[in-house]
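These notes open a run of structures that come right after.
Here come two complexes built around chain A, the first alongside chain B, the second alongside chain C.
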Partner chain A sequence: MRAAGLAVVAAVILSVPFVAGDFHTTLMLPFFAYSVILLGFNLLFGYTGLLSFGHSLFIGIGAYAAAFLTSKFGVMHLEASLLAAAAAAGLVAAPIGALCVRYVKIYFAMLTLAFGMLFYSFLLKFYFVTGGDEGMRVLQPFLLAFDLSAMPKIRFLTGPYYYYSVAVLAVATFVMWRIVSSPFGLCLRSIRDNPNKAEFLGVSVKRYRWYAFMISAVYAAVGGALLGPTTGQVDPNLAYWTHSGNIVFMTLLGGFANFFGPLVGALVFIFLQDTVMSVVPYWRFVFGAILAFLVIFAPGGLMGLLDAQVARWGEKARHVGAPT
Partner chain B sequence: MMSHILNVLLSGVFHASILFLVAAGLQVVFGVQKIFNLACGSFYALGAYVGVSFVQAFLRAGLPPELFVLALVAGGLCAAVVGPVVERGLLRFVYDRDETFQLLLTFAVVLMLEDAIRMVWGTSPLSTGGLYLLYGQVRILGVTVPVYNLIVIGAGLLIALLIGYMLTRTKFGRIIRAAADNREMAEALGVDMPWMYVRVFTLGTVLGTVGGALVIPATATMTEMGIELIVEAFAVVVIGGLGSMRGAFVGALVVGILRSIAISTYPELEMLLIYLIVIAVLVLKPRGLFGEVGV
Partner chain C sequence: MGREGQTRGGTHVILRAHDIRKSFGEFPALNGVSLEIKEGEFVSIIGPNGAGKTTFINVVTGLLTPSGGKVFFKDRDITGLGPLKLSGLGMARSFQLVNIFPELTVLECIKVAVVSRLGRGRRLFSSLARDQEVHAKALEVAELFGLAEKSHTPAKKLPQGDKKLLDVASAFALYPEIILLDEPTSGVSTRDKHAIMEILVSASERIGIKAIVQVEHDMDIVFGYSDRIIALHQGKVLADGTPEEIRANEEVVNTVVGRKARALGRGA
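Let's look at the complex of A and B:
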């Protein structure tokens, strides 16, 4: 059942460039990038119980790493960008995470927010390094050492880059699935549910939170590096606190209690935003109202509603390896 | 040299007065309702826009321009209607929820108010024109200061004193402190909590909207002014300590003056410096300088 479901989803995703137009195909690209980001975010939020309100910090690091490599150093390989993004995020996350995991709840959220804004002001003010509010260009990268610069941009995005992103997301999903199903993932859940008991049972709570923080940061940076090539541009708003808010929003929209919930949230967020913006320019108002509704009436998100519906139909609710 | 320092100090204190008002709104709500209200910045923005509209209507009605401050304050007070609406319409459903969801709900209010402002007032900046210098300027030790800045600083101090008086000397203030200390006990002793929450949240909103209305003659409205100010107010309350009024006062002075020093000496450091201090405070003294709330 689960394998069949995954196969259907995979078939749909792989066939999008053939059936949908260029426009909707390119809309899928940020979905892949945000999916990678959200997989990492939810390891911290859904599985470990830590709300980061500064995740845009690591998205920004990843995106700017790709921008620096392609437009400043002339390193065009996307693999190099992804590795550099992951390495940079890991290096930055190690000390920041070590500090942040000493706190929980609102203090954790505030500390991560402060670090995110610190990086944002750096990007904005040190324009001689980062280009200030104009940001930096991300050049069309080589994929697997193939120089595709002769290809028109839209062909590149809807063809090779699309499948490259799918592959990155597939690997990221597989690895994250292994992480959350491992004893390590179980420890994280025990920390979320009862840190004192976990500590008593021999789980080093801070150390595990720290690991989760770093994994989550690396995921955010890899996703951030994937964001750049689509628009060809990165700017400091990627690191602004409202961007972190949107990440939390997507997670809640899909449902943080479900492994695939955040991904559903990202998909709905991106396509709904596009639909609303084509009708009225006030997408924030609509989205704010949706968020308020979710928080008050459906904190489990779309997957939560779906699960409840499935349960009501008399079937066993099939949580896909969900933490409940 | 002396006059340069004074100039920097005065502009810092001006900014600090406004920051104090918004941060005080944040503190009173956090103290009693235990909700970190991200929408405080949006209330500030709303106050600014309503203030501008009130002043424009005031001038169109042919009333004496010298009294425009009254129109501003009236605008700020009227904008605060949004407070009880948000509290009764949204927040009251989530008091017993995890604070993550409370934070997100206030983020939803931020998103909605930002676009509501765009719908009503558009995206181009609005200002009150030349009214800023209407009261003239004075020279203090060789520094030229607009009198309006001094009025705002005075208003900030006055409101700080009033809040202090209210919290320590009045019945309402005693109930606020009791509720902040132990909600169940206060309720058991007969405090009508829902009514209390409405009043406290409205107080928090009024502080924000009046702050926004007062700042506007010195600058112009921008649609992003709310989300920009909330992170500064956030720095203020972290430095001062969550939930503490004295903390909001000292924190506002620290942030306002540091920002002003950074702008005049090394502008690149402006916000960077403030966040570095926020992080240092959170790491070394997570309760802030005056915080009483446990970590």
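Let's look at the complex of A and C:
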């Protein structure tokens, strides 16, 4: 059943460039990038119970890593950008994570927010390195060593880059699924539910939180590196705290209790944002109202609503099938 | 171990507390507690509210650092060691209030301990569902505690008695050498208390636990299952002896046990 559902979703995603226009196809590109980011974010939030408000720090690191490699060092291979983004995020996340995971709840959230804003300030003020508020260019990268620079940008984005992003998301999803289904994943969930009890059962709470922090940072950076080629530009707003807020919003919108919930949240967020922005200028007002509605009436997000509906159908089917 | 008239403790001391002191501000919760637990013993710690029973368990199991004194486990000084290291050395505990993982299933709650004991926690990419060894060992413990049929039930949906059992079962799944139980039957109906104790004693025999220390208020349970009883009062050891010796101790009867309870215990 689950495999059939995934096959349908995969078929729909793969057919988008053929059935949808260029505009909607390119809207899918940030969806793929944010999906990778959210898979990592939810390992930390949904599976480990730590809410980061500074995840944009690692998205920024990934995006700027790709920008530096292509526009400063002339390294055009996207695979190199993804690896460099992951390595840089891991290096930065190791000491920051070691400090942050000593705290929980609001203290953890505020610490991550503080580190995110530190990086934002760095991007903004160190103009000679980062380009300041103008940001940096991300040149059209080579994909699997193929130089596609002769291809018009829109064809590049809706063709090879689209399927490359799908492939990266597929690998990231598979790896994350293995992680959450592993003994390590069980330990993370035990920490989320009851860290005190977990420690008494021999689970090294701080160490495992640290591992989860670093994995989520690497995912954020890989997603960040995928964001750059779409617009051809990165700027400090990628590392601004409202961007971290968007990540939290997407997760709540889709539902953090479901593995695919944040991905659904990303898809709905991106297309809803586009629709609302084309109708009213105050899209943040509309999104604020949606967030308030979600927290009060649907804390499980869209996937939570779907799960509840499926459970009701199952209950009804049992009643119908029950002997009278 | 446990149940009146059965095997009594050996001679090898597994746990020793020497002059343990613990103060919360001006209040001395433990005021020089010294005691020994031998292999094979089922020891109950009793005392009125505020006597220092739970504080003592918390100090021994690393949840609290003592203000003074030493704790030795298997002749090793473990004073100040945290729960993580103590679990690795072979010490486990359960809590007065139910302490489970509410969103995990019954079997997953037990698997956490099994995964930890087998050192599988750092396996990031192996499938937990396909790990037959972890599954078999967790199921074995679930069966010992009568929870196997509820393996896939979320822990938060269990009745109170089963939650209490699950809390203890997950600690047992560490296969510890000593286990400290803080009121294992609290919040459970009188009818279920003896059933829980029977499960607990037989599971400890199957698993090979060398000593059990429990804090308990129910004198029926205390006199019915203990090899030795230690009475605490105002942070000090008031008495330490066999159930018969404790029954005969007028000071303990007057301050801790109560005359009605003594009569009950005699009938057990």
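The rule is simple: the second predicted complex is superposed on the first by the 314 of 324 C-alpha atoms of A that agree within 3 Å, B and C clash if a C-alpha of one lies under 4 Å from a C-alpha of the other, contacts with A are read in each partner's own complex, and residues count from 1 in each chain.
In this section, a contact is a pair of C-beta atoms (placed from the backbone, for glycine too) under 8 Å apart; a residue touches a chain by one contact, two chains touch by 3 or more.
No experiment lies behind these values; they were computed from the predicted model shown.
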Three-chain arrangement built on chain A, chain B and chain C clash or fit: fit
First, second, both or neither for A:178, with chain B first and chain C second: second
Chain B versus chain C as contact partner of A:190, first or second or both or neither: second
Touching partner for A:291 - first (chain B), second (chain C), both, neither: first
Comparing the two partners chain B and chain C, which touches a greater set of residues in chain A: B
Touched partner set for A:21, first chain B, second chain C, both or neither: neither
Which superposed partner A:201 touches (first chain B, second chain C, both, neither): second
Closest approach of chain C to chain B (Cα atoms, Å): 15
Common ground on chain A, meaning residues reached by chain C in one complex and by chain B in the other: none
Contact footprint of chain A on chain B as seen in their complex: 36, 90, 93-94, 97, 99-101, 103-105, 107-116, 118-119, 227, 231, 234-235, 238, 242, 267-272, 275-276, 278-279, 282-283, 286, 295
Of all residues in chain A, those that touch chain C in their complex: 175, 178-179, 181-187, 189-190, 192-194, 196-205, 208
List of chain A residues in touch with chain B within their complex: 51, 53, 99, 103, 105-107, 109-111, 113-115, 117-118, 121-122, 124-126, 241-242, 245, 248-249, 252, 281-285, 287-289, 291-292, 295-296, 299
Contacting residues of chain C [partner chain A, same complex]: 61, 82-84, 87-88, 92-93, 95, 99-104, 108-109, 111-113, 115-117, 120-129, 131, 134, 167, 170-171, 173-174
